[in-house]
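Letters A, B and C name the chains as they come in the text, with residue numbers starting at 1 for each one.
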Amino acid sequence: MKANGSIEERFTRTWQSLPGISGWIAEVNNRPLGLRYMVTALAFFSVAVVMALVMRIQLAVPDNTLLDPDTYNAIFTMHGSTMLYLFAVPFVEGLGLYLIPLMIGSRDVAFPRLTAFGYWMYLFGGLVIFSSFLFGEVPAAGWTAYTPLSGPQYSGSGVDFWLLGLGLVEIAGITAAIEIVVTILKLRAPGMALQHMPLFAWTYLISGFMILFSFPVLLLATLLLELDRAFSFQFFNPALGGSSLLWQHLFWWFGHPEVYIIFLPATGVVSTIIPVFARRRIVAYPLILAALLIVGFVSFGLWTHHMFTSGIPELPMFFFTAASFMISLAAGVQIFAWIATLWGSRPRFSVPMLYILAFFFIFVNGGLTGVMVATMPFDWQVHDTTFVVAHFHDVLIGGAVLPFLAGLHFWLPKITGRMGGKTWDRVAIGLIFIGFNCTFMPLYAAGLFGLRRRVYSYPEEMGVGTLNLVSSMGAGVLALGFAVALLSLLWHARWGRPAQSDPWQGGTLEWSVTSPPPPYGFRRPAVVADRYPQWLRETAGGPATEPDGGDDYSKELNRVAAVMDGRPAGWRATLVTDGTNGRPQAVQSLPGPTLLPLWIALVLLGATIFFLGQRYLAAAAVTIPALALIAWWATQNPVQDRQEAEELTARLKLPLLTSGRLSTGWWGTVGMLAVLTTVFGALIYSYFYLRLYSDQWPQADLPLPQLDFAPLIFALLAGGGVALAFSSRGWRRGSRPAVLFGLAAAIALGLGFIAGLVWLLLVEPFLPSANAYASIFFTLHGFVLLVTLTGISLLIGVLIRVIGKDEPFSAPRLMLWLQNSEMLWYFAVAAGLAGFTITYLVPRLL
Amino acid sequence: MKDVTAVGGLSGFRVIIGASLLTAGALLAGCAGERPRSILDPVGPGAEQIASLWWQMLLVYGSIFAATMTLLVLALLVRRREKSPLGFRFVFTAGVVIPVLALVSMLVVALKVTGSLQGSSEALRLEVISHHWWFEVNYPDHEVTDANEIHIPAGRQVRFELTSAGVVHSFWVPRLGGKRDLLPEHYTELHLQADQPGVYHGTCTEYCAGTHALMGFRLVAHEAEEFSRWLERAARPRTAPDDPRLKQGQKVFMTSGCAGCHTIRGVARGRIGPDLTLVGARQTLGAGTLENTNGNLAGWIANSQEIKPGNRMPRSFIEPQDLHALVDYLRSLQ
Amino acid sequence: MRRNSVLRGLILLILGGLAFFALRYQWPGGREPAVRMTGGDADQGRQVLLAHGCSGCHVIAGIRRATGRVGPKLEDINQQIYLAGVLTNTPDNMERWIMNPQEYSPETAMPDLDVGEEDARNIGAYLYRQP
């Protein structure tokens, strides 16, 4: 270990945040940003709790007149939307951004600038939604915004604020997911094979994948609804061939995984805390892992259980009851694994442990009432009553918020360097537990007695007045409990007892660094051979000793770790390891502080504001600088000190600049393609759904798409694909002319395709506003258009680089450009051809 | 010191569980009859099946809950040992095997209940169309149209054909059976049956903005003969009233703009608001919002916005004497 | 430990206070004068008000469901000098007005709701009560 003073200083300076306000804004390091996410999320949480209190006061007695119907409707919409979109998922993301790199032994996440961008989008999205209050146009369609209620005919512009703000927040969610998935897969500590990964990291990995396949569908749904509202598209207008149920399907395809996305990381927190306080390894790790994976997959097969009363045929719907039962099994397995871990352990009843005990009671209750609600005939009675409201608050507060509070308390020492409180937090737990049960248990009964949800008042004759009064009083106690808990956390963050690096004797890697962690996280990458590396390290004789497996593999890992100690000092970088077994593969450069993400987010916010103000051309014009900034972002090359780079490569025998599967940038593009595929898939689903429920297709005697020119135009696109294949062969063989020709041809054919496509759309005798068929026709083409344009831009970028720079094709950076642009281009071609088949051929064939 | 707190905490824990279960039981037990929308007070086979399903589920899942909590408490109380004596087998048995048995049997029960709720072809057909904050009711075989009140014969299954003229609403009579959404794009179906005559509460149960909370209806079940008589009376052609006061009321109806929105068979044809042909005999006004009395009717006509804010009926500024005549006329429409 | 019990005591006190407040709605304290004045039953009067549909036109103090704004608000009636601008405010006149409004004000919009004498007396008892 070289303890060279000047290298140490350079290393620390490289990772240090910049000072002042501009330094704060330019922050890209995961820990400050993760903390920022969490604090913002908790601020939104507090606002939403106040809204809940107001609602409960209104409902405390029958026929109450505190709030008029419209105000109440706006408040419950904002309460639900804030809690689910602006608190729950962002908090999960923030906690993950902070802890995951520490837990898996990485210095940062894979895409630091993307993290910063995501944060600004989240903040701006939330502010857009709340700005609706300033204009007196608060959305009042519920957090689910069913159509046609949320459509242009029945809702005011509040829903536009909601849709656009939500779009920004969704983008933040999706970028965070790509971030977390790639980080967990590629940036783990040397030796941390998948089976050594902490369960907390597994839950985030699975949640990350779930976000990639569910959030884009909501993004599409909100886009389609906004098209309906702003440009008179007819997706959800039954009068012109649209479908109200289509929204429900799209929404719940997102909506159900959404709650597991919130819940799984919470179980990760529980799986982390219990072993520490029981002082034991977790029991049945493989079984828990299997349960988590099952939850991840099966959660996509449950969505229709939110639509049991919508008149869909009963026997197919019953399948969703069975699937919901299956997922409850998976959740149940974890409960018993935790109980087994606790058995005879006489755990310390510290504050996090007490939160976990409260979690057990409340969450198991909620899980079981969830099984009840998932039982279709029973749901026919309790759907849209306070029974369901009580159920989902049970699982969300019990199953997510309580573990989050436990986690905040547990990791407070690590994050702030100070211990949490003991007395006030116990008071808070008591208040929360009593308050919660007093609030929601009566609502189960009230639901059974017929009390509906989303009603601003109820008549005295229903006989649920006392139940509601108890519930409202409980809400006061619950809110008080939350306030005490959060205030105590804040107070102790500032004035608590100073903490050492490992106050709880936790077994995972985050406890091996100081509290709070240094800006670089790990100076020397930890070598891991066990699920609880800290405990292994302790038994091996103190934190300074590395586990020495004795074999060559361990020695190699340790050698790499030793070289990476405090290196590179001149630029930010972290080790890239193999996704399954944790073998070191490369060193990934990471960007330092930059204002760029904020600029891009601001420009997109500007576009959103113009759109809200119905200045659509201005909104479109404003996106151009955003795209320019993104292009500039993409062309930024990592800056490496050449001397140090050569030295490091020689000693490590690992590449410092990478392409392909070794490069996080490549994986990021794969993630983006997953997102685009999901959007396209949902669009295709919508096409066939609308068709299924139409008497004739195209609807309303619109003409079939002509096959006069369309095949030729799409052939241009196919040709573009062939051209790029030619270019691809060229750069594998090192033939510069072939590459240049192929790229140029692909670009030219692509541009020709774009022109042809636009012409096709212009000559269609109908507008998108004619009916739902017309709307989806134009939208499918629009998607293909946008993706192709993006592909062309990337190809142009590559072409410019190949022409401008004189570098060999094996240069990693260039290869990465070629690979990424190829992937996107092939996707564009595939999407275009699929779109052609579906739009032009299928109506003729089927 | 810590153990004392722990044990104290656990005793407190148990006290809380006990107290909660007791309270829950007490609240649920005091339920019969006084709650007109309780699903635990069924009067139809559908609601009965589902209520019985509820009690079975409460028993099964309640036991699972109690068992799980007991295991948790035991886990915390048993004597200390180094490694957990429970491993894969325990987790698998408690977490998979036993729950699977419970869930599969409940699944079978639920499937049976679903099957028994199927409709028969002998059912009486009724059509309900939901509007913004009121329900239109049609008796297709008899050319009768009503609003916000449904009459059916007791002891016979009724098939409701449901659709919406606007947004998605939901149709629910808790004491008779489950609910079904009314969609604007196509018809959905719901089969209900009332075993005994009586008046039952129904509501819209899908959030539809505005005064969704005040969108309801009454379902009146008659003895079979009484129902036939009602239907006959409802279907008979209407003649002009003889009483000069009622004549005056009808004139007010025609000249004050009411006819622009409301239909009265043989008198006026308005398609926007509820059909008033049978309004005099209805139990409620404003879609289940108010009792149908002269006072409420006068108040509703004069200023329904204060009673049901945002509903589609504007305030009317009718002369007081005209208001009296109108109220008398409408109350005579039975 | 002592701090814990003090805290627990405080919390119980707060909860108790909330419950106390909530149940205040049912305090009958202000009804005696009205009962003595009219000889009617205020609770019965409340039921009768709802049954006859008075809430359709009047906001009535103490009945949250009564939101009607067709006629005047019925709050603090005992502070008024005249009833409907045509009768002096006495318990007997109140009864008479309720039973047959058009006799005292032929143009009034208030309909004849067929209210019996006992019902009218009870209504009076309710309207005259102090909150």
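Worth a mention:
Here, contacts are C-beta pairs under 8 Å (C-beta built on N, C-alpha and C of every residue); 3 or more make two chains touch, one makes a residue touch a chain.
In this text the structure is predicted, and so the values were computed from the model without any measurement.
For subunit A, the chain with the farthest CA centroid is C. Across the two interfaces under comparison, A-C and A-B, the one joined by more C-beta contacts turns out to be A-B.
Distance between subunit B and subunit C, defined via averaged C-alpha coordinates, is recorded as 31 Å. Spacing of subunit A relative to subunit C, judged by their CA centroids, is 56 angstrom.
Centre-to-centre spacing of subunit A and subunit B amounts to 38 Å, using the average Cα coordinate of each chain.
In subunit C, the residues that reach two or more other chains under the touch definition are 67. Residue ranges on subunit A touching subunit C, taken from their complex, read 60-65, 423, 426-427, 431, 459-460, 469, 473, 476-477. Those residues of subunit C lying in contact with subunit B across their complex are 50-58, 67-70, 107-114. Looking at the complex, you find that subunit A touches subunit B at residues 68-70, 73, 140-142, 146-149, 154-155, 238-239, 242-245, 280, 283-284, 286-287, 291, 309-311, 314, 318, 321-322, 325, 328-329, 332-337, 339-349, 354, 357, 360-361, 364-365, 368-369, 371-372, 375-385, 433-434, 437, 441-442, 444-445, 448-458, 461-464, 467, 693.
Those residues of subunit B that touch subunit C in the shared complex are 290-291, 293-300, 302-303, 306-307, 320-321, 323-324, 327.
Residues 3-4, 7, 11, 15, 18-19, 22, 25, 64-65, 67 of subunit C are the ones that touch subunit A when the two sit in their complex.
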